[in-house]
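Each of the two complexes below includes chain A, the first together with chain B, the second together with chain C.
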Partner chain A sequence: MDALSAVLQGLPMTIMLTLSAFSIGIVGAVPLAVGLSSSNILVRLASRLFVDLVRGVPIIVWLFLLKFGIQIGTFKFNPVGAAIVGLGVVSIAYLAEIYRGGLQSVPRGQGEAAHALGLTGGTTFYGVMVPQAFRIVSPSIATYLTGLLKDSSIASTIIVTEMVFQSQAFARQHPTVEGILPYIMVGILYIALSLPVAYLSRRLDSRMRKAVSV
Partner chain B sequence: MTWLTEWAGYLPQLMSGLAVSLLIAGISIFFGYPLGLVLSLMVTAKNLAVRTLGLAVVEIGRGAPALVILYLFYYGLPKFGIAFESITAACLALTWNSAAYSSEIMRAGLQSVARGQLEASNALGLSQRDTFFRVVMPQGMRSAIPGLMGVAIQMFQGTSLAYGIAVPELMKTAYNIGSQDFNYLQIFTLAGLCYAVISMPATWITVFFEKRMARHT
Partner chain C sequence: MTLSEIADGKLAPRLGIKLDNISKRYGEHTVLDDVSLHVEPGTVTALIGPSGAGKSTFLRCINLLERPDSGTIQVDQHTIEPGKDVNSRDLAALRRTVGMVFQSFNLFPHMSALKNISFPQQKVLGRSKEEADERSRQLLERVGLKEKADQHPGKCSGGQQQRIAIARALALDPAIMLFDEPTSALDPEVGLEVLAVMRELAADGMTMIVVTHEMHFARDVSDTLVVMADCKIIEQGDPRAIMSDPQEARTRRFLRAVLER
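Showing the complex of A and B:
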């Protein structure tokens, strides 16, 4: 089981990368989603262009651009920094699109009713629209999180020592048949890691459904 | 201005890389869609063995990162004496990927066909074959079109991972140019724009189709 322990050495880094980028995305996507559903056409177009551009370029290009292309004075990204920022920005774009879809699917009458009740714009947004939108998008967010987990493997190409990097290192040291093991193990690990996310998301979803149906 | 003149110099080389990327994406979609249809039928089959095999192929193809499947084909299998050229390995890995993703979309599409359609064709005495090929598939595939277009875009972007196994596609070409003159910022920006110029309009067309379909149902 040398192969498994070699791959597991990269597990903390994989989880750290995924959760850091996810946190950046969850928070950063809020203003962008507001921009995407803004009534000002310039704000809306600028947000749309940003989202489509970030999603239109493969992640590996963003990582190489940050790792090798950015130099401000003496500052350069280290591999982990470049990976977190790169994956974080990509998450912002994808999650903003998910949030926008959720906000749009809240019935218009809800906003109008809140307005009629004299709620302020902020209360309407955070107290009425967001909670309802979140219920709709929480499964999509969970799906995105498992996607992000898989995408974090791309960080191995800029020498971040996560699971795929460790698999590569082990395979290189073992030119025999054993060398195929880490790739199989790491594949299984990714699938195994996404199972609890799917499970928690389903539980959260059913609990919120119950809360609504009362 | 200097950026533009440098970009003009890089562009011919990058275009040959882009051609390789498009070739890999094309092959993986061309074989991935029909395989995806077969997989979607396997997953819904009555036979347990067929269903399990189909599920395993789909879940590995979707659950493991594309990069891992690429490495498995290119670095892993040769240890058993099965060696591929890097571009063949890339096509095989991405075909698996696209087949797995498109099978889920096709399955959802086929299942979305109203039950009444099946009952009606049964009542009309159509054979099972005719029911599937003339009634279920045309309707199910129609609703799967936007999702399948999304898979195609995803595959095109996924070809950039073939960088990891030294396929001379767009990303690898850009890296090679960059390591000659260290203008990484310019070359990767240009490479990113090459991807975006194809992916962005493709996404807009997909969204357009999505909206049109939503209108007709």
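Showing the complex of A and C:
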């Protein structure tokens, strides 16, 4: 069971990385989604450019750029910092696109009704559009979260001591058949972590569907 | 208590509205060509005409859901020139004065019927939740849907949703109500319950402008019948007079199509 305990050592880091990047993404994607659906063409273009740029480059490249390519004065990213910022920014871009899709799929009449009632732009956005958009996109957000959980393993390449890094370390020290064990375990662990997210999101989704069933 | 007394609280003053020289173009395509309409306080105006005539667009110009390219809108001492910049205070005043009911109801699906009616009161009029809920329940009772207060719109029939939407608009004490084909999305029988509420509202003296294909409603309830075709008002006046003896050939053709089918 040495393999398991080795892999488990990386578990807190994997969870911390995933949740930090996810939190950055969930919040940071809001203004970007607004930018993506802005009526100002410059704002829209700038937001679109940012999203396409971030999504167009593989995560591993971003992590290497952040870890080894950035030096401002004496400041350099440590591995964990680079991983959180990298995965966070990528999350912002992906989630903004998901939000935008959700906002656009709210029927146009909803905004019109809100305007006709005299609700302000802010109230219309946060009280009418966002709650409906959230219901539409919550399954996609959950899917993204499980994807991010697995993508956090890429941080092993810049020496962040998460689960895959620990598996590799163990495998290197045990170059026999035993070396394959940690990878099996880490696979099972990822599945075990994903399942509750998928389960919760399905329950949340069906509950909200029942509540609003259109 | 009548429907609009509940709506008005302390019987808000009746207001009319004057629209002058409203024009609207989408690119090269003209939708409204210099349309003027004066609506007297406490009257019901029915807008009829073939589809594509610009009826709905005209109605949506009244509360600036569509922004006309030129013209003036006068209501309650506010004069708005939509072709120029409209300041947000005038816009807010306009939207407070004018309530609107849509063909597709547009209730907020994530809120209960009660919250649909209370939420705008709290946000726009600054009423407390208790005040707003009380007013909402009164209005729901008047439109015959007291028992639906805690249901979400998805659980209500189309006719019920439309009546909730009417209550939602009335809750903000509008002086003028716009109806954009309020029964077109409903089964004929279900439409009746909506028309009944509208008749009651008209009888109470609410100023109403109604785009409709319901010819009986237009004839029996409206004070003024306005016929639109080809981006213009082609005829207006007493509904019975126009329906029995239209002056314009285009009106005659349209009425023949809708009345003699």
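Convention: the second predicted complex is superposed on the first by the 212 of 214 C-alpha atoms of A that agree within 3 Å, B and C clash if a C-alpha of one lies under 4 Å from a C-alpha of the other, contacts with A are read in each partner's own complex, and residues count from 1 in each chain.
Rule of thumb we're sticking to: contacts are C-beta pairs under 8 Å (C-beta built on N, C-alpha and C of every residue); 3 or more make two chains touch, one makes a residue touch a chain.
Model, not experiment: these values are computed from the prediction.
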(request) Please indicate which partner A:Val57 is in contact with in the superposed arrangement: first for chain B, second for chain C, both, or neither. (result) first
(message) For A:Asp151 in the superposed arrangement: first (chain B), second (chain C), both or neither?
(response) first
(message) Per the contact definition in the header, classify A:Lys76: touching chain B only (first), chain C only (second), both, or neither.
(response) neither
(message) After the superposition on A, what does A:Glu112 contact: first (chain B), second (chain C), both or neither?
(response) second
(request) Could you tell me if A:Arg135 is touching chain B, chain C, both of them or neither one (first, second, both, neither)? (result) second
(message) I'd like to know which partner A:Gly127 touches here: chain B for first, chain C for second, both or neither.
(response) second
(request) Kindly classify A:Arg44 by the partners it touches after superposition: chain B alone (first), chain C alone (second), both, or neither? (result) neither
(message) Going by the contact rule set out above, which residues of chain A touch chain B in the complex?
(response) 52-53, 55-58, 60-62, 64-65, 68-71, 150-151, 153-154, 156-157, 164, 167-168, 171, 175-180, 183-184, 186-188, 190-191, 194
(message) Per the contact definition, I'd like the list of chain A residues that touch chain C in the complex.
(response) 107, 109-110, 112-113, 115-120, 123, 127-128, 131-132, 135, 211-214
(message) Taking the touch rule as given, give the residues of chain B at its contact with chain A in the complex, in rising order.
(response) 59-60, 63-69, 71-72, 75-77, 79-80, 157-158, 160-161, 163-164, 171, 174-175, 178, 184-185, 188-189, 191-193, 195-196, 199-200, 203-204
(request) Sort out for me which residues of chain C touch chain A in the complex. (result) 63, 65, 92, 95-96, 98-100, 102, 104, 106-110, 119-120, 123-124, 152-155, 165, 168-169, 172
